[in-house]
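Per-chain residue numbering starts at 1, and chain names A, B, C and D are given in the order in which the chains are listed.
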Amino acid sequence: MKAIKDSVHGHVRLGEVAAELVDTPAFQRLRHIKQLSTVRLVYPSANHTRFEHSLGVYHLARSAIEGLGVDDDTAAHVRAAAMLHDVGHGPYGHQTEGIIRRATGRDHDDVRWLLTDADREVCQVLERNGLDPERVAALIDGEGALGPLVSGELDVDRMDYLVRDAHHTGVPYGTVDTGRLVTELRLIGGDGSGTAADLVLDEGNVATAESLLVARSLMNAVVYRHHVSRVAGAMLERACERYLDRTGTEVEAFRRMADHDLLVALRDRVPGLGERIERRDLYKRAVWAGIDEVPAGTVDAGRAEERAAEREIADAVGVDHDAVLVDIPSRPALKEAGSAVVVDGVPQRLEDASELVTGLRAAERRRWTLGVYCPAERVDAVAAAARDVLGLRATGRPSA
Amino acid sequence: MKAIKDSVHGHVRLGEVAAELVDTPAFQRLRHIKQLSTVRLVYPSANHTRFEHSLGVYHLARSAIEGLGVDDDTAAHVRAAAMLHDVGHGPYGHQTEGIIRRATGRDHDDVRWLLTDADREVCQVLERNGLDPERVAALIDGEGALGPLVSGELDVDRMDYLVRDAHHTGVPYGTVDTGRLVTELRLIGGDGSGTAADLVLDEGNVATAESLLVARSLMNAVVYRHHVSRVAGAMLERACERYLDRTGTEVEAFRRMADHDLLVALRDRVPGLGERIERRDLYKRAVWAGIDEVPAGTVDAGRAEERAAEREIADAVGVDHDAVLVDIPSRPALKEAGSAVVVDGVPQRLEDASELVTGLRAAERRRWTLGVYCPAERVDAVAAAARDVLGLRATGRPSA
Amino acid sequence: MKAIKDSVHGHVRLGEVAAELVDTPAFQRLRHIKQLSTVRLVYPSANHTRFEHSLGVYHLARSAIEGLGVDDDTAAHVRAAAMLHDVGHGPYGHQTEGIIRRATGRDHDDVRWLLTDADREVCQVLERNGLDPERVAALIDGEGALGPLVSGELDVDRMDYLVRDAHHTGVPYGTVDTGRLVTELRLIGGDGSGTAADLVLDEGNVATAESLLVARSLMNAVVYRHHVSRVAGAMLERACERYLDRTGTEVEAFRRMADHDLLVALRDRVPGLGERIERRDLYKRAVWAGIDEVPAGTVDAGRAEERAAEREIADAVGVDHDAVLVDIPSRPALKEAGSAVVVDGVPQRLEDASELVTGLRAAERRRWTLGVYCPAERVDAVAAAARDVLGLRATGRPSA
Amino acid sequence: MKAIKDSVHGHVRLGEVAAELVDTPAFQRLRHIKQLSTVRLVYPSANHTRFEHSLGVYHLARSAIEGLGVDDDTAAHVRAAAMLHDVGHGPYGHQTEGIIRRATGRDHDDVRWLLTDADREVCQVLERNGLDPERVAALIDGEGALGPLVSGELDVDRMDYLVRDAHHTGVPYGTVDTGRLVTELRLIGGDGSGTAADLVLDEGNVATAESLLVARSLMNAVVYRHHVSRVAGAMLERACERYLDRTGTEVEAFRRMADHDLLVALRDRVPGLGERIERRDLYKRAVWAGIDEVPAGTVDAGRAEERAAEREIADAVGVDHDAVLVDIPSRPALKEAGSAVVVDGVPQRLEDASELVTGLRAAERRRWTLGVYCPAERVDAVAAAARDVLGLRATGRPSA
């Protein structure tokens, strides 16, 4: 069995199918997609990639599946899904997801098209080993009883990335007891093929599940939503939109780019923003507003409304449209709250078993922030125009 | 400067006073007091002592004090207090605290008597170096503006023990960003002597403070209040009471024992319980009841009521009085909730700045559990008698 | 399967036999035997015990045995031997080994007597589970093809302790790639019962094996043979000899003591040395001499010659016999040098495959040091007398 | 003081000059130069960059300089040199060093040209803060008494990279006690300006220095010279040569590229090799020969002779010249052997104080290997031709 050294899990041992999948171009491409895209501009050690993360997810899935008592064929499909769950990502991962979804209607979790026709090599490996690409794709999409293990509230994806992101950023908040989590998962009901069953955490694991939520919440606060990373992310998204407009690149070709392709392409074709991103010469916050300052309609604005607001603000100040970026995150959510945990013999939703969830929900809401960014020398003018255009309420809380 | 290697902080460098204090018998004794007493019966790696913990607290205090802008004399007193904050502990630390407090009215934090007369050697070191033992004792007691740094809601004691206990038990939940905490503390107001000032966490540290609470809450759940450790702790406390009764040992002499003295003494003089503790041949849970099952009066019972109930249950079942142990923890609290954090320029209590605190409070309440323990073969009979004697309500929740 | 949290290996999962063995008094006693005895007087975090080490050795043995292709019955015996390999240790481990060996002719590796008659409970567990105590004892003694896995040059004992001792002392030198070592072991020849076969490291592992030697060599230099630990060890050994003389305690009863028993016993019955050890009020080095200063006959002196020299020096200076300790380590050796490693398809001894071994041998020789210790105020007088009595050559190298 | 989180050192605090240097384009470019270039094709977690490494080197230099007693001005120059020591690196670091040196006669350590005229921004920061760029450049070149701290046998560069590379690859061999090393350095002689003085390790640090050598030797064996990384490195070097030939790019412009620029450029302009590198579709080893198989003249061959041999082999087999790569490393060396360590009061070269050095030298020699690489399907033919052209002796040792 081939082993790959991993800085988080030690040795990751690859079964035969996994070893073949690693060698496909679609998987090798993940070496060139960083896990945390613009976060590395805040935490310079955070250069880890979706390649090693995918190996980690495979590793955890293999451990978890051992204790679930499913048949070999089902287990093999779950392992393949874990390996491949991120091959659908575009360059800079989540940062370009919105663009790709708006253009194609497809998410990175939707890899059906990819597995079933676009990328013959992955398909061939699967079929040669007696695996059904369609079934693998369905698992990646979270379908069936075991879909939630790959993509759900208690999935091995999250277990790996929280630990890995903490390890590489150097913050102590993402530490989750993965060793315990993977051995405490159970399938309740079902017939061994993983259908008509529920994935739950066994008795005595409320604190284990809570630690996952808490880790996510603290990582959100200090890493994933750090304002510097968000500013850079907004610049990147805008630069990508410009790039697609200017070059007429097909979204599908765009999606297949790797980080280095995109970085070079943006610098060459959208030099203003592209060079700034490469050199970390970033916009500053003109507005940084909590949810209570923002009208409900604005909180729920889509990208089209964001862009309209950007243009209106830019025109009001008299600057180029690319000089104003409006960044409205989606409403605060806490998906892990729906995890099932057995308490006193009965499976319950974590939010019903743990009062902590209510507190974490409120913390997420408090941390939700709308941002407007622009070059440093325009901060005051843009702030005034933006508060006006977006209808922000004054709350006494300073804007940045 | 002398350096001592520490498995948590790397090198701890000792100033001159600290190096002299280390060599006193009162400080060397801490080598023989384990930090987590009976927890090592659950987590066998948890053998660390109050000696290394005290060095760690000194190390953090030294870092924290550097950024507070206090005068050298004040800083020297704080460092000495950090070194000595645990010299008042009896054998098995918190486990014998109740006994000592009930007999003497003194807590382990009250080291005035110790520093000011009983232990001449510590006093002599302090005085020889121009330090006032009385002032050191006051700091250990949490008095003055800098007392809270040594013994308060945001103290270096807690920062060290959460990280150290997690490191040694091997659980990933106690990780706190001590490096950040110690550099973000500020004194607001005051004149440099550390009086009339408040210790607060600087702007931007709500998540940092929350991580401390969360770490404590999760460590409570899986480590500090693990039922095996509680059972062993209850056996130990009872054995100590018997030992004091039987031997007429002065409480003061008892308090000066080290762990090894106590272990040998109990095995020799209270062989039933003493040998069981040494061999980890523990009682089992007959009752394990949540706060909603327990009448309010019982929740607030003192040791005298506990012992009366134990006798009543034992008599009802017809066993020796030492065969039934009733263990009622104090009401759930969350002292860190009062930490002060600067938000938008204004110091606030953490519980006002963080909705998470409410959730953690509720979680602490849910985890509060009353236990009744006895030898395995008596579990059923003791359970029935205990529910009756203690007036427990049936809630449908199984008793263990 | 029962799991125990370990600070080094994460979770150690116990099979059924192991879970039963853990509960025997002989195994529980290991909670009270520290792994590094007097080293904790230098590295205060080094409080780990032979209990957790034994679990770690079991854990590594289980992994290693999986890849060796032996039958289930053989594997079960190896696992039991790994669990039990240290139950023969006296208090303070290696520190009392010499005393016990001189009195009984038995080493801590010789557990035949223990498994086969003295400790019925361990025997009963083994026999109840179909295991042969005699065969387990033989493995612990290093016999047969698989004996070397438990007690040999490439044994799992050493793999665990080097990593564990480094983790707990906080020095970075003991790190060994145990994950790789246990998966690269092979049995060459043999029939699956583990007889007539050789345990070797597979091709491509010269550097892996070298890292084990190097770790040992560096740990020797900075941890195991640190002069403070050696001084305390010499005081302890002398105190034990006095204790046995004075109390007439049977060596067998002595061997069954735990650390806390011995610490209390020495303080009570050999108060001079006993109290000094407890309070870390140690003797100082009067002589610290390299191998080139010491006559060959003295290098090879046994305990009897050491004691004769001690008395002669003490008489010359006019102090009590307990005030002079002569500490002559055994000749430098490097047992791991005989490990077998496959190079270019052929098993070779590591010392033939690695020129590093020669360098490490020379380094061990250079670091060999004879010590003479006494109370601080007598250092000069004792140094002069000792150099004379021991016939030390002047080399220009200072004595301490 | 600005702090940056680092996964190895925790928090790196930046002084004013350092904070300004970080923001220059020349320093930000280091975010895009990976520390270990092609090693990440073997150890997928090894994605760390020269940006974070440079911060780490600065951090260690700052600690080391504190204990050396030099004046503030000298210390400031050393800190700046530590920050900037790698800004002269081309894309893929050491992998393109040969090309740049052959074309320009300049090494990455020679940053005089860069600091003194090409990169005005770095110069301006230095001069604005009263620092002399010429003096900083001289330190980076290893000149003066403190040059060796930045670039020498005991430099902070090596201390950082050994620990960092081990952390990110996940191998346990690179661990060096940096905390101890930086506090044990001393300047012997000199006048505080750092001239006419020698940098040495203080008494009692032979094992500390040895651990640095040993770490390097083991890291060489399993990481830096792993054959997969060497194959990819040889492919990359050849692709770069082709790229320069084909595009006429100035070497200076080439040197200023970042990793992503080069990856895209090679794929576009040298598609055969460029695409293979991107997809990790690597050549295989046709020959892998130890130093005793290789004629002395061949061991000392320069790049010109290598290329001549490549062409001759390719012609003999009848393949394209890019299909054969000859990779002859420079002769084994062990530069750290010259480190100065104080032993018995006298500074000595480590190789005179430590017999280990001889062993490590021999190990380096044994590990020296010449490689010839080609596409998998040509391995046999190329092997035969290569052995003939290079005049390799048969030693019975298999070729791969």
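Definition applied: a residue touches a chain if its C-beta (ideal position, glycine included) is under 8 Å from a C-beta of that chain, and two chains touch if they have at least 3 such contacts.
In UniProt terms, the chains line up like this: A, B, C, D = Hd superfamily phosphohydrolase.
Since the model is a prediction, treat every value here as computed from it, not as a measurement.
Using the contact threshold fixed earlier, the set of chains in contact with both chain A and chain B is C, D.
Interface repeat of C-D: among A-B, B-C or A-D, the matching pair is A-B, sharing over half of the residue-numbered contact pairs. Note on chain placement: the centre of chain A and the centre of chain D lie 35 Å apart, centres being C-alpha means. In whole angstrom, the spacing between the mean C-alpha positions of chain B and chain D is 50. Each of residues 10, 171 in chain A touches at least two other chains.
On chain C, the positions that touch chain D within their shared complex are 171-173, 175-177, 206-207, 210-211, 214, 217-218, 221-222, 344-345, 354-363, 365-366, 396-398.
Remark: chain B residues 4-8, 10, 23, 25, 28-29, 31-32, 34, 40-41, 43-45, 47-49, 51-52, 55, 167-171, 258-261, 263-264, 278-280 touch chain C in the complex. Against chain A, in their complex, chain C makes its touches with residues 3, 10-11, 179-180, 183.
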